[in-house]
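All chains are identified by letter, namely A, B, C, D and E, in their written order; residue positions are counted from 1 within each chain.
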Amino acid sequence: MTNKETSPAGNGKPKLAIYWAASCGGCEIAILNIGDKILAVDEAFEIVFWPCAADFKYEDVRNYPDHSIDLCLFNGAIRSSENEEMAHLLRQKSKVLVAFGSCAQEGCIPGLSNLTSASDTFRAIYMDNPSIDNPAATLPQTVTTVPEGELHIPVFYNTVRSLDQVVPVEYVIPGCPPEPPQIWAVLEAIVTGAPLPAPGSTVIGASHLAVCHECPLEKHEKTIERFYRPYEITPEPGLCLLEQGLMCMGIATRGGCGALCPRVGMRCEGCYGLLDGVEDQGANMISAIASVVNVGKPGDDEAELERRIGVAMDSIVDPAGTFYRFNMAHSLLHRVKTGNNGDVQNRGSETA
Amino acid sequence: MATTAATVRPTTFFDEVVAETPGDPRLEACLQCGTCGGSCPSGADMDHTPRAIFALIAAGMKDAVLRSNTAWYCVSCYYCMVRCPQEIHITDIMYALKRMSIKAGLYQDKTSVPEASDFAETFVNYVETYGRSFELGLATRYHLLHHPLDMIKMVPLGLGMWRRKRLDFTPRRIEGIEQLHAILKRAKELGAAA
Amino acid sequence: MTSEPYTPVIVGFLCNWCSYRAADLAGTARLTYAPTMRPIRVMCTARVEPQFVIKALREGADGVLIAGCHPGECHYVEGNIKALRRYTLLKQMLRQFGIEEERVQIVWAAASESKVLADAVDQMTLTLQALGPLRWRQTVLNGHGAEQAVRESADVRRAALAAQEVEGER
Amino acid sequence: MKYSYYPGCSLERQASAYHQSTMAVARPLNIDLVELEDWNCCGAIEYIAVDLLPAYALISRNLALAANQNGGGNHQIVAPCSACYLNLSKADKYMSDSPELAAKVNTALAAGGLSYTPGTIRTRHLLDVIVNDVGLDAIKERVTNALYNLRVAPYYGCVVVRPGFDHQFDDTEYPTSMDKLMRVLGATVIDFPLKSHCCGGHMTQISQDVALELIRRLLKNASDYDADVIVTLCPMCQLNLDAYQDSVNKQFGTDYHIPILYFTQLVGLAFGLPATELGIGKEFVDARPALAKVGATPDVTDIPASRRDKKALPMPRMTREGER
Amino acid sequence: MSEERVGVYVCHCGTNIAKTVDVQDVATWAAGQPHVTVARDYKFMCSSLGQEMVEQDIQEQGLTRVVVAACSPHMHEKTFQGACERAGLNRFMFEMANIRELNSWTTKDRESATQKAKSMVRGAVERVVHHRPLDMLPVPINPNTLIVGGGIAGITAALDIANAGYHVYLVEREPSIGGHMAQVDKTFPTLDCAACILTPRMVDVGQHPNITLLSYSELEQVDGHVGNFTVRVRKKARFVNEALCTGCGDCIEKCPGKTLDEVFEVGLGYRKAVYKPFPQAVPKYPVIDTESCIFFQRGKCKACELVCPTHAIDFTQKDEYLQLQVGNIILATGYDLFDARTIPQYGYGRLANVFTSMEFERMVNAAGPTDGQIVLRDGVTPPKSVGIIHCVGSRDKHYHEYCSRVCCMYSLKFAHLIHERLPDTEVYNFYIDIRASGKRYEEFYHRVLEEGTHFIRGRVAEVTDAARMPGEEGKLIIQAEDTLIGKQRRIPVDMVILSTGVQSRHDSHEVAQLFGMGCDFNGYFIERHPKLDPVLTMSDGVFIAGACQGPMAIPETVAQAGSAASQVISLISQGTLMMEPIRARINPDKCSGCRICNNLCPYHAITFHADRKVSEVITAMCQGCGACVSACPSSAITGAHFTAQQVMSQIEGILWDVRETIPLMAR
């Protein structure tokens, strides 16, 4: 990519847009967390759209010529019709569109609501919530008629999608949120005109190896008898958390974060997402984890074998929410099964 | 699914016996080793040993099988069943043969043992009427029918039972007898429909 | 919940040493069974990655059958036990996705047990017919539909108000 | 320990001694037996011979009642009669194995407003409960009047050990639970070769000649081993060996006088309970002369001196489980 | 990928496929599928004309991949791989769709079968375009061989290999080689004296310069792979210095510690605490059994030390461990005898005069506990009648469903020996079927018939001492149905012999695991192919011979041992071996060093490099199961020829129809 093209405003600096769709806002803070370097960013770019920091209207963007934005950092998942509309709009206006952070990359925490439906979500938020008093059962309506005319608000979709499931993106910067040094490294590369890898949902600002590679904890051959939730045990310091029965996702998660969590005894939750060549992070995790659960050996009675393995696996609470905490919307299954009307069907004894 | 008309094997007597036995009796696995016949407490008194009965079933000799006293002489000791190297459900097959022989009416043949089936049917009658069995009634009714001359031999035994307070003179009826009747009636209808 | 009769599609992962041979033998012995299972040969059930199973479901299979040697008879000593561990955990997770337990099955069929394998396919076919088609792509592709979301939020409101009315009448 | 109790028709009258002694020993053994309300006959071995489905429906009414009585939980029902034990456990097993059969039976039960899920009720035989749930150690503690010098032939009969549906608790050919129990009571236990052979069952009614021969074999074998009593766990076995002993003697010109007691009666005696509370005296062959042989101390002269001849070949070691 | 040129060939297999699958339709349809350059159907693809068609297309049409839809790959995969190779295409650029065994033979529904065939073809096409050329792997072979088990199988194989000029380590658990054959008196049907034919071979083994005999030793650990195994052997302490011992036997004579011999004499005789299992033992050195040795138990005695003329007794000896390097391994671990106590109704252990067949073998053996006298358990009375019960523990689902194959013949041999030694004694054989299907076996059966043995066709129900009738008192009564007359019979006899079957070694599962092989249900080692490769196993370089593979008699055991030996010799003489390249490989650039895979390999083929923090698969040890490939959370491990991409593409391919027909519901 070249960043020397002229912009509509004509001051010669490349144009930068930053947008916040369905996400918590942490990504915006992460950008600010690059510290003094933010001045260098301001120096290098002309900011043409950043609703969180400066007053721009969607209309402004609509008025920009196509491909006039040189770099757009898009954080947040696609949850509503507004998110989707903005994704299309920014795609149309940007030369380089970057899925910034886990929500845009893979759905992240908002994606977990794919384990339920829009109506169930509404029910939980507006009706069954103990802190809500809603006698009129008022729910967000897309169209409301008032004396002044019709009001429209965005449609709340049933399924959360990642940015690249809606529009093509050039690059992906993973993380929940991306680590500031990594953000700066990417921006610096762009500012200095360093060559970037070939575009096409290409991950930048992260490692190509799993978190384990960066993790200083000592690792051995793994045999796990059962799993613990973090509150159940105090991990031995210096020792691989997974070996101690904590469901550390580091083995199946892209590095680049510097293994910040395991370093301080917290299991990796997988926010940097899946590695190259992996189609489904959760499925890989299941395969790896189940392989080293040390239950059952040749010669065991078949029924007893199945029972004992079942018991061991039962110590893993909420596998879907654990293995797909960040990757749900980007996983092969994408969401919970729905009927023809979009409702979630009987889900057996789901526990979480 | 569209299938070409397959040739359907006609139902044999063997199939009938298997169908009448609950579960999979594994009858086809019989290797004619004779463990059943050797183990049977009343084997010496049977027209055919269980093994021979299985050979007759395989040969389709329905009449010979259902007229035989073999099933009726089965004492339900289950030795054959636990010893059978092929794990054939022999005792269950014997019960099935009893039922089939009653249905076919072949047990009435004078050369066989009508007593056994009548004893069973008399017993069933009492259970169906009262919900519980009634020993005195069973013994007298059954013996009057079949061994009227032996009745006199039964007297000391009966008296002995009575003296030792081991005999009721009236049958006991359960409270839910109507419920039981309804259940049995439905079961019989289902059985007949099958 | 049974819909129109349909022919289910099962993806079968067969281990090279036992179950593929059992399937070969089923053919050689001319055992007739439902033509619903589309086989994929793997060297061992331990090569069946959970993502293969998920992929098959996502791409339109109504069920997945994993078939291998009996535990203790694996040609690779205990590959099938690893497969069983993964399968057990995978099933627990699939339950959370609303995928019925019966849609993913594991069966042990030794090279001589052609009948076991054929019966497993027949049985699974019947089960899947009773469950109805899975059509996962439909779930994913339609799940976010806008119209539907609109309709649903209206439904939720209507139901809630109806419930309140009932409450009020008491 | 709490169980549903299914006495069965025999224990109501014919085998009331079994019922009485069961109740008498249940208390000191801490077994709480709650009789199943309004139970019906299990059909013995006759009903199944006449009609299949009604026979299973008949049995299942009891299982359904037991499941209801226990609030639908996973519960156990104790049957002292071998035939009842067999029928209840067999019906449950076959219905578990065949959903089709279970469905039909449930359709029938529905006519009486009942239903039963196979596997809900576990049927136990009284001997199993006493030996394995209470345990021999606990029983030993209770023994006050040990049955020293009484030579007992433990007789199991058929269907408690065979075919051994899901809950088999002893060997199908060579059971030993009652042997061990009797040893704990202080009795001298005969290694009774015919311990699990047939007593003739219903053949006493159908073909007495066949039945008497089967009974004779048992009496002869027990007598060959100088048994003082035959101890049994089934009302049918007791009746055949006891009430028909006279007929055997007449038919074969023999002179057997071997009393036939229930194992619960001997447990009661060893616990020091009075004979009348245990129904002793209801037997045809008077047990008093045999029971009079019970001594206060074990008779040491009775132990055979087993010096083997030097030339004799060694016997194989019995290391099978249960023989220790 | 679109530049790949795939040829698809649909076989009619005469009418085997064409009857149920519309092969022409499949071929026409296939021609229109992605990547497919040419698609044809043909009567017999496996014929030389069919193969030539493939070769011609590869050369003329420039095919880069080939798919043949025909029979099972187990039938003809190698055939077509050969055709590809002849035409210059790597053999792994080929994929087979099994539309016969897995399709046309299993249904009559032509429409469904055709649809299924299309799916399988499409799956194969999608898969084959991702295939990569692979080369066979050469592995050098260490010329030393390990043989485990010194019975007749191990002895035969050891001599064959040693005579070919290669070195053999023969490991035997017991103090002497010889195995079960050394216990036996006569061999059927020739009635050769077993010792007379066996002991010369044993002596040869003991003296052969190319054989290192490690008796009283056990295998502890096996590492490595074909061509290069490292084996750890524990040589148990004999407490006799082999370098000094002359085998004179003075120590045995003077030893005061006597104990039941439960191994060689199967509990029917006694031995000393310092002992040789039998006089002709090889090696000739005795061992001290610490369990029964008075010195080891009570601290006093040392009678043997006192009498030993060469001071060879050494109470301080410890177990020794040896590391051996070998290229091939033959397992000849033999069998155990069925435990007759398992069947209580036959009375063994309870009824004194019930004997097992091996007890009887020892009894009739002139060197056995009774000096060859056939007597009852009292040690003096010869039986007037003997019942021999066949199939004890065999042909029974409760014990072993299989036929043990040797019992009929040795039972006939027993009948003959009884007639020979006790001419007035009646012998009854109770059998289900007489299985006499070897050379001169049937003739032997006839001879025993002519000698007057009673044959009763009926499996014995029970053996009892409970007399029922006069004439039964004091006897053992054998109750059975005589199925030929359909009557129950009770035969009173003095002695009962239980013809117990054979079963796999009690520790066969552990041994199998040590070698990374499989055992079948019954605990017998699984051969690579029961008909065509009976002595090969799934572990390259590990062979099996004799009854550890399944019940067999001496002639077959010797034949198998010879076969295993010749397999080993041919491998050694090749020097190197070409192996299938279906192996796992770890990409060091993707491995994060998480160590999930490290203990997943049943062949211990994965090592971890602590310095570089990456794991590596030792290619030669890998068997290609794919367990580690599936487990790698980084997808850093690829399983050659079964890559995730290949399988995932195949999944998409076989689901081509359902993928495309699922309607997209309107938004």
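In this section, contacts are C-beta pairs under 8 Å (C-beta built on N, C-alpha and C of every residue); 3 or more make two chains touch, one makes a residue touch a chain.
Given the structure is predicted, the values throughout are model-derived calculations rather than measurements.
Student: How many hops, at fewest, get you from chain A to chain D via touching chains?
Tutor: 2
Student: Give me the chains shared as neighbours by chain A and chain B.
Tutor: Of all the chains present, those in contact with both chain A and chain B are E.
Student: Relative to chain D, which chain has the most distant C-alpha mean position?
Tutor: When every chain centre is compared against chain D, the largest gap points to A.
Student: So which chain is the furthest away from chain E, centre to centre on CA atoms?
Tutor: Farthest by centroid: A.
Student: If you average the CA atoms of chain C and of chain E, how many Å lie between those two points?
Tutor: Taking the mean C-alpha position of each chain, the two centres sit 36 Å apart.
Student: Could you work out how far the Cα centre of chain C sits from that of chain D, in whole Å?
Tutor: 49
Student: So what's the Cα centroid distance for chain A and chain E, whole Å?
Tutor: For chain A versus chain E, the centre distance works out to 54 Å.
Student: Listing for chain C: what residues touch at least two other chains?
Tutor: Within chain C, the residues that touch at least two other chains are 7, 49, 51, 55, 70, 72-74, 77-78, 82, 86, 142, 145-146.
Student: If you look at chain B, which of its residues touch at least two other chains?
Tutor: In chain B, the residues touching two or more other chains are 1, 79.
Student: Counting only residues that touch at least two other chains, what does the list for chain A look like?
Tutor: Within chain A, the residues that touch at least two other chains are 279, 284, 287, 291, 298-299.
Student: Show me, using the given definition of touch, all chain pairs that touch one another.
Tutor: Taking the chains two at a time, the touching pairs are A-C, A-E, B-D, B-E, C-E, D-E.
Student: Going by the contact rule set out above, which residues of chain E touch chain A in the complex?
Tutor: 509, 513, 519, 589-596, 598-600, 608, 613, 627, 630-635, 644, 648
Student: Which chain A residues qualify as touching chain C in the complex?
Tutor: Touching chain C: residues 81, 114-115, 117-119, 122-123, 127, 135-142, 155-161, 279-280, 282-284, 286-287, 289-291, 293, 295-300, 302, 305-306, 309-310, 312-314, 316, 318-321, 323, 331-338, 341-350 of chain A.
Student: Using the touch definition up top, name the residues of chain E that touch chain D in the complex.
Tutor: 260, 262, 267-270, 341-345, 348-350, 352, 356, 359, 369-370, 375, 377-380, 464-468
Student: Along chain D, where are the residues that touch chain E in the complex?
Tutor: 171, 173-174, 191, 193-194, 217, 220-221, 224, 309, 311-320
Student: Give every residue of chain C touching chain A within the complex, in rising order.
Tutor: Listed in rising order, the residues are 49-51, 53-55, 57-58, 70-74, 77-78, 81-82, 84-86, 88-90, 92-93, 95-101, 108, 134, 136, 139-140, 142-146, 148-150, 152-157, 160-161, 164.
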